[in-house]
Every structure is written in C-alpha cells, then in structure tokens.
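Both of the next two complexes hold chain A, though its partner changes from chain B to chain C.
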Partner chain A sequence: MDIQTRLQDLFRVVFDAPNLEIRPDMTAGDVEKWDSLTHLLMIERVEVEFQIKFKLKELIKLKNVGDLMQLIQEKIT
Partner chain B sequence: MESWIETNCAVYMSRTAHNSNIVYRRAQPADRAFLAQTIIEADQSGTERSAYGVLLNLNRYELTSLFIQIFDLEIAGFEFDENSFIVAEKDGEPVGACATWVESADGVPSWNKRILCFRELLPANNYDHFRQLIEKGGGLLPPRSPRAAQLESVYVVEKCRGMGILSGMWSRQVADIQTSHPDVQAFQVITYANNDRAIHSYQKLGFVSWSKTSISAPELVDQLPFSEMVLMEKKV
Partner chain C sequence: MREILSFLYNPSLSESSALCLDDTYFSYSQLRERVFLIARHIDAHQLRNSMIGIYVSDHIDTYASILAVWITGNAYVPLHPSYPSGRIESIREMADLKLVLSTIEDVPGISDKPVTTNTTRLSIEGLPPTYPLIERSQNDLAYILFTSGSTGVPKGVRINWGNLQSFLRHVDSMHLGLPEQARYLQMFEFTFDLSVVSILLPLIHGGTIYHVSSTRVKYLEIYRLLEEYEIHFAIIVPSVLAMLRPYFDSILLPNLRVMALSGEAVPLGLTQAWQVCCPNAQFYNFYGPTECTIFCTVYKIPRSEIKSHNGIVCIGSPTIDSKAQLRDESGILTSSNLKGDLWIGGAQTSPGYIHIEELNARLFLEFEGIRYYNTGDIVIQDDDGDLFYLGRKDHQIKLNGYRVELSEVEYQAEQHLKLKTAAIVSTDQKGIHHLILYVEGTEIDSETIRAQLQKALPKYMLPETILLMQTFPLNQNGKLDRNQLRSLYESNSPQ
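Moving on, here comes the complex of A and B:
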C-alpha cells in the first residue's frame, strides 16, 4: 500500500470517519473531529504505522495532509 | 475643602504623570520570566485557580519553567511566542504585557503549536494527565478565525491598574499588526465568561461577544477558574 492509502485508513479510524477521502490540500478545518486530542492521536498512530519519529520543528510546519505525506516519505526513505 | 474640579484635576494630573512614565515596547529575551508571570496571572484572572496548572498538573514554578522553555523554541504565531508580546515598562520595570498574533498566518493553527509544545516538553506523566483531561473536556477554547489577529494573556500588575496601560498596549499592538498584516480585518480575544472585569475592559476597547463554549466534563468545572469561555471580536 502507498503512503496515501495507509494514511487514509489511519485517518478513518482516528477521526471516526469511515468514508473519509484524504486529499493533499486537506487541513484540520476540513475534518469534523480533527481537534487537539485527535491531532495528538493521529501523530502517535502515524509514528507507529510508519515506524518513524517526528521532531517538533517538523510537526509545527505541517499545513495540510500533503505536507504530512511528504514528511512521511522523507522519513521512511 | 477642595472643590470637585480641584479634586478631579489632581486625579487627572496624577494619571497623566503616571502615563507619561510608561513606555511600550516589543518584548525581549530578558522579559521571559515576566512574560511567564503574565501568562500565569492572565490565566488565573484574579482567582486562586490556574487552568494551565490543572490541565498540565504543574505548580506555578513548573509552569514558569515550561513557558520559558517554550519561548526558547522560538516558534512564531501563537500565544507562547515571545515576539508576540508588547511590554509596558514603568521606571525601567515591566508592569504589563499582552500577546497578539495573526491566527494561522503561516497555515498552522495556534492550537496545533500549543499542544505540540506540550507534547515535546511535558514529562510523560504530565502529558498523559493532559491527554486524559482534554479527552474528558473536549474543546475548551472557542475556535479562533484564521487571519484574525488574536489578543491573549493580558496582564497589568495590580499597583499600576487604572492608568490606561491596557489601552496603551492595545494601541501599540493594533498599530504593529496593521503594519505587519494590513489585510487583518478583525481582532479576537478569548476570556472566561465569568470574568466581568476583563469582559468590560474588552468592551471598552470595542470588542463584542461572538461565541461561547462550555466545559463538557463536570469534574473539571470544580477545578478550573471558569465553566464557560467567550470569544469576543472587534472588526477593524
């Protein structure tokens, strides 16, 4: 599975949205249950799923899902 | 016996003399302890309860240390950015401060930066405690509007209240924001719905109530200095 598909599966669980289709330009404002708590949960799940560890300086630059997918790509290669 | 005019002239002269000694300037690294005090005092809003203390399970000393560590990270565009603060100085001493930034100016919401700083810097037990409480309490803060300037952590030391320092800090913040972000069309401030003094002060600056949120967890109501928060807005 590619990064987008794996991330979409993860988002559907974390944000409790079984039909959620993620897009690169998607932001927290586009997803109903994307708040402080689910944001933290999502980061933790992504770290486990992709076996990576984010740095604060990386996370605070993420503007949208596309930025997250690119960061994951950089971390796993 | 003094006349009404003499008495009020004396008060006016006294206030003018006080005001003339007050300097408004951007915060500097040397102000960090005072800025931490500002955040804590504004959070307590004259009560003995600290929302940050409860949510993060930290005492005043630990909160001060945490906020100074966050300033050290030099993250822009949220309430713990040293560069977002104006300091009012009287006789060389800081006597007031407040923060202003433009929400999501860089595309990242301030709540995101705040929780990521807590994730990075809190000891594991305190982070778990924070996680559990926000899970119970849900969204405590009313949502801030992207591209709206935010006023936060407003504090004036008790002995200098009534000297127009809030108004002075506000004027300086507005001028600076309008220079750096001429597209900003509104200012917002979030305060406790039971903090009548703060709400009255913001109303005098032209803010009106915009939206409210209530704490959804009853067990938190007994610990926090508020049960409802109100977001006020002023169009510019």
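Moving on, here comes the complex of A and C:
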C-alpha cells in the first residue's frame, strides 16, 4: 500500500470517520474530530505504522496532510 | 477603568504592535481605529450598562469589540462558535443581550432579536477618529462568562469593574520585570477568563498579544509561537504542556521571563521538567475560579524545594484584595492543618450568578462583613498560610482547562436519550484527561448518541468515548459506582 492509503486507513480510525477521504490540502479544520488530543494520537500511530520518529520542529512546520505525507516519504527513504 | 484603558488614547503607542494574529501584525493605531468604529456603532444603538454579546473568532474585531463594549459603558458576554444554537439562545435570554457583535452574518441561536452586527462590514467614512471613554463605577459590570452548570443550564458569572481593578492591582504588585514592548502569549478561548488577563496585561504595558489561532493544533501552535517569536510572558494550561512533554528534550526557551501555569491542578513532575526548558523564567501557579476574577491565589514556584501535596503544586496564598477561609461542610471554620472547603472573599469575589438567586444564596455568603464564595475545592493550609489543592467536593472537573460539570453532561444526555448515563474522567499515563460517557442500555449506538449530544453541548464538553453497558455497577449503598466504571475503562483502554 502507498503512503496515502495507509495514512487514510489510520486517519479513519483515529478521527473515527470511516468514510474519510484524505487530500494533500486537508487541514485540521476540515476534520470534525481533529483537535490537539486526536492529533497527538494520530502522530503516535503514524510513528508506529511507518517505524519513524518525528521531531517537534518538523511537526510545527506541517501545514496540511500533503506536508505530512511528504515528511513520511523523506523519513522512510 | 480610565487608567486601565488609557493605552487606547496614548499616541506614543500608535506604531507599536498590539496584536499578532496568524503571523500578521496589527499596530495600536489599527486596533484603536477598529475599537472607535465599533464604539460609534454601539453608540448608535444608545446602549449604556447593557449586555452585548460577542460571537468570537480569530479576528482583530473580536479584540476590538471587547474594548469598544467597555469604552461605551457596557459589558460583554462572549459567545463561542462551538456552542450549539440552543446554548447561545439560552445565554441570550439569561443575559438579556441588547446587541451581538460578530465577524460573520448569521449567528446560530440569534434570529431576529437582538440586532446582530457584522463588524467587518462597518464603514469608517465620515466618522470622527476618536471616541470619548465613558467612565464606569466599581459596581458596573465588565463581563459575564457562562460556565458549565450542573442542572443543564449554564451559569452566568458576573464580574464588575471593582473585581477587575482589584485583580489588576495584584498583578501590578507582582513586579513581573518584563522588558518594554514585551511579547505575551494568548492561548485562551474568549469564553475563559484567563483570556481577559492575556489581553489586558499586554495592552496596559504597551506589549504585543500573540494569539493562538483556533484553526491550528493548539499544543503545536503554542510551542511555535513561544519559540519563533521569543515570547516573554505566557500563561499555559498544564494539559497542553503534558502534550509537549515527549519533546521536552528538544525545547529550550531562554527568552521566556514569566511562565504561569493555570486553569487546572499543576502536576509537580511536569513543572520540574518544564522548568529545565525555560531556564530564565520565573514560574507561577495561578489558581482561581471564574467567580473570583481570573486568579485569586498565587504561588511563586521556586527552582528547588517546590511545595506540593500528592504530586500537585501548591496554589499559594490569596491576592492582595482577597481572603481565603477553610470551612467544613456545615460552614464552620476548620482548625489549622485540617482540610476544608475553600471560601474566597474580598474585592475580587463576583456579585454572583445572573438570575440564579438560589445558588447565589447558597454559594455567596457574608462572614464578618466580607462577601465570600464557596469554590467547592477542598484544600489544606500549611503553617506559612500556603494552600494546597486536594480535589473537588462535587463532580466538576477541568478538561484541557475548560470547567465541566459532569452532571451537566449527564443531564443533557439523559434529556435527549431518556436513558441513564454516567460521565467519568480518566487520566492517562501522560497526564492527559479523557471524558468518557457510559450509557445504560444496548439498543442504541454511540454515533446516534453523539449526534444527539452535539445539539446540546459545546464541543469541549462532548465525551471523547461513548460506551454502552447493560447495567451500571452499584456500590454498597446502592449508588452508581463511578470508581468501578473508571477502573473498567482503564483496564480496557489501550493506554
């Protein structure tokens, strides 16, 4: 599975939205249950799923889902 | 009051930055222009000593509206976009709002009455460039904040100018030692009274407010602003710090001069770890319910030998115009070193809730000529007079800084579902609180329940998890056993 599909499956579970379709320009404001608490959980799950670790300075630069996908891509290659 | 708001009339501040919103700066003269424009509009409605609603947003006009309401001799009532329309409607009725200021056209819950003004559409053309401040007396109201109420109806806490002036007198006496044109973090919703000090303190001292946008992930945005803008003064809720804790090793904020923790019980371990990240900051614990104006006890947290009880940092001693008394359940003063309900009296204590006389008669009492409020917090006091928070006597909790009555969550759920419910809070290993709602019954699904609750409760009061259960566990007295429910949740929780 590609990064987008794996991330989408993960988002659907964390944000409790079974039909969520993620897009590169999607932000926290576009997903009802995306707040600090679920963001924290989402980052934890992404780290486990992709076997990577994020730095705080990387996280604060993320503007949308596209940035997250690109960061994951950089970290796994 | 004139002295508090004098920054609006100080020409030497004109070009200084008053506000930073989403990385855009607004000068004092730009803020002043918006304030005077909105003030002229309020004036056109001939309002004095009236309650004016402000439907808040991440916009300069929300800040300008608060100040405009004040200089026109009125009081504001913040309305939050996360409130369901029914809640806004009941606040409108209780507070008798005469006007609502907004940055959008239609405010949910406000239909034909009162008049709603989208301030972004007001025109400046032809208006005089200033507005004379209307002086207020000590008993005139400055704002009403609505908090969670156990009977399902929010409680409107009235705060007058006397309360606010006393509070600011204490802040002034703290001699915070901040530089000229200091930078201040503003992380609070306008419906939370810590926003009042986070707005007024910077402006009174000619500093800049750095607003944490509601559209961004809060704990990350707070760190970004602290780091990127080298913030000097911040009041932060401990649960936000708990979210940053996994990254403390990579955080160093040498420019932070004042770091206050507030809004919740302050964990000792978290405080000590955060002190390492802020090597040059003086730490404080600010404690206080909305009814006692922002904060009414202060503990100056040292770098070593921090006073604490059961892992919770000391809440210190009362502010200069406040008094603290510990009383037992019968209202009798407790002996020294015995725990008791904390009553706070003096000039910061609110004149009471709006239109809830029964509650006012029970919770606001006069002792030896001083009006006290029963906070419902259980505390003990040491020989130095410092207070230590032990817990609540009822089912009120703090969730990410928000005050939530578990009984209000249950009341609204039961009203809509016609089923028995039990709300509990579980704290995970990171120190983050989770709100769980148990529902007795299995012939309904959690999504239906959530959809019903969204109509009645603000977002911050919605349970994170909803669990169904055939029959609730009862304790030996035949009452609902909340501890067992909590244990059950925690034993099944992945965290």
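By definition in this document, the second predicted complex is superposed on the first by the 77 of 77 C-alpha atoms of A that agree within 3 Å, B and C clash if a C-alpha of one lies under 4 Å from a C-alpha of the other, contacts with A are read in each partner's own complex, and residues count from 1 in each chain.
Definition applied: contacts are C-beta pairs under 8 Å (C-beta built on N, C-alpha and C of every residue); 3 or more make two chains touch, one makes a residue touch a chain.
Remember, predicted model here, so these are calculated numbers, not experimental data.
Novice: Examine A:4 and indicate which partner it touches, taking first as chain B and second as chain C; both and neither are also allowed.
Specialist: It touches nothing on chain B or chain C.
Novice: After lining up the shared chain so the two structures overlap, which partner does A:28 touch, if you call chain B first and chain C second: first, second, both or neither?
Specialist: After superposition on chain A, A:28 lies in contact with both partners, chain B and chain C.
Novice: Have a look at where A:70 lands relative to chain B and chain C in the superposition and call it first, second, both or neither.
Specialist: A:70 contacts neither chain B nor chain C.
Novice: Jot down the residues of chain A that show up as touching in both complexes, chain B in one and chain C in the other.
Specialist: Touching chain B in the first complex and chain C in the second, residues 27-29, 35-37, 39-40, 56, 59-60 of chain A appear in both lists.
Novice: For chain B, which residues are in contact with chain A within the complex?
Specialist: 73, 75, 106-109, 111-113, 115-117, 119-120, 131, 134-135, 138-139, 146
Novice: Which residues, counting only chain A, touch chain B once they are in their complex?
Specialist: 27-29, 35-37, 39-40, 43, 56, 59-64
Novice: Touching chain C in the complex: which residues of chain A?
Specialist: Its residues touching chain C are 27-29, 34-37, 39-40, 55-57, 59-60.
Novice: Tell me, which parts of chain C touch chain A in their complex?
Specialist: Interface residues on chain C, with respect to chain A: 215-221, 223-224, 227, 240, 243-244, 247, 250-251, 400, 432, 434, 464.
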